[in-house]
Structures are given as structure tokens and as C-alpha cells.
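Each of the next two complexes has chain A plus one other chain: chain B in the first, chain C in the second.
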Partner chain A sequence: MSKIVESMYSIRMLDDLARKDTAIHKIHPAAKLLTTIAYLITVVSFGRYEISGLLPFVLYPMVIILLAELPAAQIFKRLLIIEPLIIGIGILNPLFDPRGWISFASIMIKSGLTVTACLILVSTTGLDKIAQALRTLRVPGVFVLQLILTFRYISLLTEELARMLRAYVMRAPLRKGVRLKDCGSFVGQLLLRTSDRAQRVYDSMKLRGFDGEYHSNGESRIAWRDVLFLISWSLFFIIARIHDIPAFLGLLLERVIG
Partner chain B sequence: MSGQRIIEVSNLHFTYPDGHEAVKGISFTIYQGESVGIVGANGSGKSTLLSLITGVIFPDKGEVKVGDVAVTKKTLATVRQKLGMVFQDSDDQLFMTTVYDDVAFGPRNYKLDENEVKARVEEALDMVGIPHLIDRAPYKLSGGEKRAAAIASVLSMKPDVLIMDEPTSGLDPKSRRRFINVLKGFSHTKIITSHDLDMVMETCNRVIILKEGKAAADGTTLEILTNGELLDDCGLEVPLSMQKCPVCGTCKQGL
Partner chain C sequence: MHMADALISPAVGGAMTAAAAGVAAYSVKKIKNDLDDKAVPMMGVMGAFVFASQMINFSIPATGSSGHLGGGMLLAILLGPHAGFLTMASVLLIQALFFGDGGLLAYGCNVINLGFFTCFTAYPLIYRRITRKGLSSGRIFWASMISAVAGLQMGSFSVVLETLLSGRTELPFKSFVLLMQPIHLAIGVVEGLITAAVAAFVWKARPEILERVETGKTMGDVSIKKVLSVLLAAAVIIGGFVSWFASSNPDGLEWSIGRIAGTAELEASGGVHNFMANVQSKTAILPDYGFNTTDESETSEYAGTSVSGIAGGAMTLGLAALIGLAISAVKKKKTVRSRQH
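Take a look at the complex of A and B:
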């Protein structure tokens, strides 16, 4: 029960963070989205045994978290949630591949970096504005709408689930969870209740002139600052991809000491 | 009745897919500036009637006209711009991340420019007395504040008619009083469905009683809500403010 309520708050936390007003939050959503995409592509493009080259990419999330005043602990907590999944994917590598531990580490680092980048994007931009950015980039409205409504449906689902669980627990105080026997009708009820509720929300949208196109916060213009943000980070990603910066720094240090 | 005809409902029939006949031949006309309370027991057809007026569902027989326009699939966009519907559960109506975005949702859908949208949002929030909540997240508001935000979200569309489904349900006494005062300040034509007959008494000048999908009575508020026999027959009772004092057994002065 409390876990459900907790996850409800954690979804809303991303929305709350997105409403902050830092230099990073002010950057145009499209610039942030493109920068994130560039980041994801370069990180993923590293070979399975290249680890040292990935290290400079820690800089991007670190800088953004600091500048956007995001609670680093909360972001990393969310990152940990998906780690078991990643471990599941990579754990067999050391068994079949003599250099498996390296490729396993590379998977862990890559997933950590990419998921953090996405969490940062959502918590500095907000899903509404990401949707707006996607529309600016000419992504078809239907897909964008799906994304937005799915995101909204999650909170609706958790709210309804929390309500039903409360009613259940109050009448079954000795049980820890929902009995397997009751699960079928429980899940069925949840589906019916949330779809009813979603229908009402949709009605209220239609009654206010909703025609399938999602208009959020007006159309803000892209400024030089936004272009600079995109170009400078992209340049950094490209340089870090082509040159092995940690190896170069190591070499430099060796010479200085030598 | 003077004034321009705003809503005309004629011989409306509606049956749900499961065979439940919810509305059986309701007819009435609402004129500009009227405040009409639609009351009736649970399951008497109030919510179905509101859905039919707003074009969420369409009648099997009969017609709804808003102004001179019949409510059909083709005219929905025009019709809905004139109708502002406040839902019973404010959570159904508030789904954006800030109060501002929620109130701006309607105007933005009608493609107004962002300055006009901003002006309308501020005006609507002023009208319901919550300008300070403009940047708050709707789910963090109290019940009364949510109701006010939901009303603002339709006021921003500058509707001709305000339609409210159970607007005082779930409000604490102070919030309810505040809401009634706000409502009295509006010059809009209003349609209010409610079980809160005291609120209807204060805010409406005309009352329509529904009973089993039909209009059982239609008249001035005072005439209808003082008719104990009629109300009892329709599963209602005389408003508390009209009942005798439980201590001294007399009626309130001035009523």
C-alpha cells in the first residue's frame, strides 16, 4: 500500500522538479531533447569492450544535475530500480566470453548513463514540454498524444489502485497482499474503474475543445542560448567519442611527472 | 419568459446499451440569464441529461438545441464553446501539471494567442478567488480549491452557459458557502444539478424535478421547493432552511 503511494509521489516528483526555474530548465525543450538523443547515440555507439572512453560521459549528467539543482540521490534511487533488469541482461556475459566481465561492466555503465540522461531530461523539462518539442520536430501528433496520455494514465492507475488496496486491506487486516483468489476480480475491477475514469477525463477534455492536438505552454522560440547548448554538448560528445580523453590525460600526466 | 432562448430540449429519449431507459421524453427551454436547478433522486436521469445537453452522448429520439444550433456530431465544436461543464469530481477535470495549464487548456484548444490565454487564465482565477494558486499542482490543492480551479477551467473559455454536476458535493461548510457566493456573482446562464437543495434555493430561480427519467415538475424555486408533497413523491425533501426549527418549532422569518 505505502509502496503504491510512494510510487505515486515519485511520478509526481518528476513533474514537480520540472517546474523549477534554473538556467537548465529555461533551455528550449527541443534543444534538450536533441542533446539527450545525441548523448544516447554516442554512448550506445561504444564497442562492448571500451570502458575508459565512456568515462568522460559522466560529465554531462553531473553538470546538468548540478546546474538544474536536481536531488542527485533521488535520481540515482530511480536508476537503481532498473539495475536488476540490466544485471539480468548482462550477467551471462562473463560465463560465455573470456572478456565477459569487461563487456558486463560496459553494459552497466552504458545503461546507467543513458537512463540517468533520460531521467534528467524529464525532470528538467517535463513531459508536456517534451511532447511540445516532439511536435516541433515534426513527430506525428498521434504518437505524441499516446505518450502524454499514457503518462497521465499511470497516475490515474496508481491513484485508483491505492484506493482499492486501502478498501481491501481495511477488510483483510491480517493479510499482507491481495489473495491470489481475489486477484482476478481485483485486476478486472481496476481495469474497469480506470477506463471509466479515463473516459470521464477524456470527456472533460473534449468538452473544452480538445481535438486530438495537444497544445501546451504556447510555442516558445529557440534562442541562441539553446543552439549553443546543443552544439557545445554535441561537440563534446563527438570529441569524447573520437578521442579517448582519459587515455590522453593519463599520457599527459605521465609526461609531466616523467 | 423573457430573454433569448439559450437551450431548448425537446422530447428527449435515451436508453443505455444495457437496456436501461434513463431519459423518457424530457422537454424544457432555458432562457438567457436563468439559473436552473435540476434536482431528483439518485438514478432519476440528471447526469444522463447533462451528457445529452453537452453532446457526450446523443439522444435516441428528440433534440437538444444550443442557441439556434442543434447538438449533432458536426456542430459539437461550436456548441461546446458555448457550454462550460464543471464535473462532479474535480479530479476528472484537472489533469495538467499546473493550475495555469489546466485553466489554459480550453483557450489553447481554441487556438487563442498566448497573451490572450494568459489574460483569460488570470481573469478566471480572479473570478473564483484563487489567483494565488496559479502555479500550484492541481493534485496538491484542497477539495474546495480544486472545485474553484475546475470552475475557472471552464470560465476561461467564456461560455454562455455554465453547467454544473453536483457542485457542492464533498465541500466543507466554509468552502460550500464561498462557492455559493462566487456562483451568485456570475451573470452566466446556469444549469445546476444537485441534491443540495439549500444551495439550489440560494442560487437558482427555477427548478426542474426529474423522476424516473421524466420531468415531474418545472417552476419557480420557491413554488417547487416548498411543495413537500411533490418533493416527497420524487424522493426528495423540503430544504433544511425551509423546515421548521427543531427547537422552537417555528419557521424562519422572511421565508
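Take a look at the complex of A and C:
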């Protein structure tokens, strides 16, 4: 239960962050989405014993976090919640392989980078605009509509859940949580109540002209600045993927000193 | 149960995303004409419901492990396979974006693992077979129970395959399977109970929801489904082979090639990594800056252990930090200036 409340806070936080108005927020959602995908592909394409080559990839999330004025501490907190899952699988590597600690470290770095990339995408763009980007990239409208509604109904469902729990507790004051016997009908009731409410919400959305499509007056067109953003970051990713920048810097240092 | 970006290779991620996109496109085509003003919000509600229920972990007795609902089976039962699959896909996308649960590259893997095996395998082959003779509480219970367990077993086996094909962990196949399948059997039983309870309740309170799915046109014709399954299997196999070639340490492959060719060391044996290594050696700025070998693990070991490698790593991070400091300094100046004006 507390986990749902916590995740609601998290969703609200990320959604609020997406409403900021920085240079990064202004970039076209499709450009940000594609940049994120380029980043993920390059990071994940590194071999399992790679560590040094991954280090330059810290630059992207760091620059975005700073430019978009995101709270780094909050993002790291979310990261820490995810990490145990990765540790669970990765920790077995050292058992099966003498060099397992290297591959374990590599997995940890990769998961840190990839999760951060997703979180900064959503906190600089917001789900509505990501949905818009998906439409720009020709993803079927049925799916995008489904995505937006699911997202919006999450808060509807939790509100309904809170109301039902309050009612239940008031009728059974000394009981902790819902009795196992009542769980089936409790959950079923929750579903029916939420769907009734969702139906009303959807009807009124339709009455106000909602049809799941985005009608913009040209302001959402892709500008040269968006293209530049995508191309320059992608170039950086490719260069950092092909050349081991830390190894290069290390050799340079060796030469200067020697 | 969710695959993470860090555990997969681009080839596996790409192949699975292509497969998921194919199934999704097919589902969209199937339900497009059936979608009315009742079905659309229902899909949204079910998505929100599965999203919330995936947040609740229940512990598996006597194992110290815990699991959460997959929800694919419930979606298939209440919405039909096509709408269920699409709803699962949207839930997983929200989770990948907002929680880093799974990830964008592993997205296709997760959609297939949690959505495809439940909606397009367990549902038509098990659930529909049992409920074909008409709905009753008993039939709904056993159909949900068995199909939920089976769906999760297939899903978790698919996780094992994807992880192994990606070659990011050293888990041996046998121990990984012995770890994953029993624990997901336990999780599957709990999932089956919950699915059955919810489905039975909905059937009692609003029978029209289940009947609508049973008689709905959304079941589609079988032939396209067959074609699609073949396509999917092809994508998985191709993805597997590509990633095998692409994986940084293709032990078995190298060994067998070595036996056949008579040399253990081969110049580029194809694949993404070797292609990268080739480009690397051609475009190297410093002539002695490593990368003469095609084996990536050797170079990274060199970089990881040598003094220059460690110093270089530190310099990279230092450089990144400097850039960061510069950005925040400029930002601060700007905000101070804008406040003064």
C-alpha cells in the first residue's frame, strides 16, 4: 500500500518536473526520445567486461540534469530503489567467472546510466509530450490513446482505492488491513467503481471534443535546434563508443609526463 | 521478472522490440473497428489496475523471495487478447519511463514476456479451451488459474533465454532455469488465485464484460495468428544468432571456429562489436592506442589494469565534472542576473 502511495508521489514529481521551462524542456519531444534511444543502444552495446569505455557516458545525464535543473538527489534516490533488482542477478557473476567482479561492475554502471536516461527523458518531457512524440513517429493512435488514458487513470484508481480503504477501516476499526476473505470482492469492487468513474470521465472528455489526436498550430514542428541536439549527442555517443576516451586520455597523460 | 536494459544486448533488445511491435500492430488492426466508447476507458482502467497491482509485492513463503502480479492473463480475460496485449504494452511503457523498471531497450522483451505469452499463448490455448463450453464460476476459476501459471512459466523461461542470448551475465543455463522456473511457479499460483478471484467477481457482478469478450469479434482468425507466431519465432532465433555473434566473448563459437579454421585467433568474425573494433582501428588517433586485438575483453582488461587506464578513467570523470561545474556556474550567473533585472 505504501508503495503505491510512494509511486504516486514519484509520478507526480516527475510530471511536475516536466512542466519546467528550460532549454532542454523546450527541445522537441521526438528529438529527446530518439536521443535517449541512441544513448541506450550505445551504452548497452558495450561488452560485458567493459568499464572504462562507459565512463564518458556519464556526461550526457549530467549535462541534461544540470541544464534542465533537475533535482539530482531525487533521481539518484529512484536509482537506488531499482538497483537491488540488478544486483540480484549481477551478483552471481563473480561466482561463475573469475573475472566476474569486472562484469558485475559493468552491469551496475550500465543499469545506472540506462535508468537515469529514462528518468531524465520523462522528467524533461512528460508523458503527454512523449505520447505526442510517438504520434509524430507514426505509432498507431489507438496505442497512444491507451497509453495516455492508462496514465491518467492511475490517479483515478488510487483515489478510489483510498476512499474504499477509508470506508472499510471505519466499518472494521480494529482490523489491520483488508481481511483475506474480503480481498477478492474488495479488489473487484475497486475495479468496477473505477471503471464507472472512468467511463464518466471519458464521456465528458469526448463531449469536449477529445478524440485522442493532437491538434497543434505548427508550434510542435521540429526546428533545426532539435535536429542539432539529436545529431550532436548521437555523434558524441558514436565517438565515445568507437574510441576508448579514458584510455586515450591515459596515454596522453603518460606521454606528457614521460 | 522485468528484464533490465543493463542485462540485454542491442541485438536481443532490437529483435524483441521488433517482435513486440509486430504483434502490437496486428492487435491494433484487429481491435480498431471494435473499439467503442465503452471499450476505450475500460482498457485504461485495466491498465491502471495492473500498473497498481504490479507495485504490490507479496512474499513467497519459505523462500525469502517475493513476487508481484504480471497481470497479462487478467487483461486477456477482461479485455480480450488484442486489447489486453496493447494495454500490457502501455503499462510496461509507463513503468519503463517513470520507474526505470525494465527499460526502453528491454521494453520489447518485457512486452513479449508478460504480454504475448499470456494473451496470445495461454489465453487461446488454455483459457479459451476450458471456457468454450460456456462460462461458470468453476470453469473461470480453473481456466484463470492454469493459464496464469502457464503464462508466467513461459514468460520466465523467455527471461532466461533472453538473458543468456545477451551474454551479459555468466549464469549457466541449468542453474538459471532451476532458479527461475520454481520461483515463478509459486508466483504463478498466487497470480492465478488473484486473477481467478477478480475474474469470478467481475463475472458475478457484471457478466456482460466477460460475455462481451467471449462473443466479441476481437478473437480474430487463426491463420494470421499462426503467421505471426512464425514471424515471432524467426525474430527470436535471428536475434539470438545475431547476439551470439555480437557478444563480446563467444566462447563456444570461437572455440568451434578455431577447431575448424585451425587458428584460435580470427580476424573480425562479424557482428556489431567486431565491426566497431574495425572502425576503431581504422580511425585511431594515436597509433599505439591499443585495440589491435579483436577481442574486446582483452582491451578493456588492459585499460582496466594499466596505470594509464586508471588515470584515464579518472581524467574522464574529472573532465565530466569540470563541464558540469562550468554549466552550473553559467546557470547561476544567469539566474542572478535575471533576478537583478
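Note that the second predicted complex is superposed on the first by the 225 of 258 C-alpha atoms of A that agree within 3 Å, B and C clash if a C-alpha of one lies under 4 Å from a C-alpha of the other, contacts with A are read in each partner's own complex, and residues count from 1 in each chain.
In this section, contacts are C-beta pairs under 8 Å (C-beta built on N, C-alpha and C of every residue); 3 or more make two chains touch, one makes a residue touch a chain.
These numbers were taken from a predicted model, which means no experiment stands behind them.
**Student:** Answer with first, second, both or neither: which of chain B and chain C does A:A31 touch in the superposed model?
**Tutor:** So A:A31 meets neither chain B nor chain C here.
**Student:** Considering only the touch criterion stated at the top, classify A:R12 as touching first (chain B), second (chain C), both, or neither.
**Tutor:** first
**Student:** Considering only touches as defined above, state whether A:L230 meets chain B (first), chain C (second), both or neither.
**Tutor:** So A:L230 meets neither chain B nor chain C here.
**Student:** Looking at A:D203, would you say it contacts chain B, chain C, both, or neither? Reply first, second, both or neither.
**Tutor:** A:D203 contacts both chain B and chain C.
**Student:** Going by the touch definition up top, name the partner, chain B or chain C, that contacts more of chain A.
**Tutor:** The partner making contact with more of chain A's residues is C.
**Student:** Mind working out whether A:M164 is in touch with chain B, chain C, both or neither, as first, second, both or neither?
**Tutor:** Neither partner.
**Student:** Of the two partner chains, chain B (first) and chain C (second), which one does A:D128 touch, if any: first, second, both, or neither?
**Tutor:** A:D128 sits against chain B, while chain C stays out of touch.
**Student:** Which of the two partners, first being chain B and second being chain C, lies in contact with A:D211: first, second, both, or neither?
**Tutor:** First partner only.
**Student:** In the superposed arrangement, which partner chain does A:R152 touch: chain B (first), chain C (second), both, or neither?
**Tutor:** Both partners.
**Student:** Could you look at A:A68 and tell me whether it touches chain B, chain C, both or neither (first, second, both, neither)?
**Tutor:** neither
**Student:** Counting contacts the way the document defines them, which residues of chain A are shared by the two interfaces, the one with chain B and the one with chain C?
**Tutor:** 152, 201, 203, 206
**Student:** Mind listing the chain A positions that touch chain B in their complex?
**Tutor:** Per the stated touch rule, the residues are 12, 15-16, 18-19, 126, 128, 152, 159, 197, 200-201, 203-211, 213, 215-219.
**Student:** With touch defined as at the start, can you tell me which chain C residues reach chain A in the complex?
**Tutor:** The contact residues of chain C facing chain A are 2, 4-10, 13, 24-25, 28, 31-32, 35, 37-38, 40-49, 51-52, 55-57, 86-87, 89-91, 93-94, 96-101, 103-105, 163, 167-172, 194, 197-198, 200-202, 205-206, 247-249, 272-273, 276, 279-280, 283-286, 288-291, 296-297, 299-304, 306-313, 315-317, 319-320, 323-324, 327-328, 331.
**Student:** What part of chain B is in contact with chain A in the complex they form?
**Tutor:** Listed in rising order, the residues of chain B that touch chain A are 51, 54, 56, 76-77, 80-81, 83, 85, 87, 89, 91-93, 95-98, 101, 105-106, 108-111, 114, 117, 135, 137, 139, 153-154, 157.
**Student:** Touching residues of chain A toward chain C in the complex: what are they?
**Tutor:** Listed in rising order, the residues are 1, 3-4, 7, 10-11, 14, 36-37, 40-41, 43-45, 47-53, 55-56, 58-59, 62-63, 66-67, 69, 78-79, 81-82, 85-86, 89-90, 92-93, 96-97, 99-100, 102-103, 107-108, 110-111, 114-119, 121-122, 127, 130, 140, 142-143, 145-147, 149-154, 156-158, 161, 183-185, 187-192, 194-195, 198-199, 201-203, 206, 241-254.
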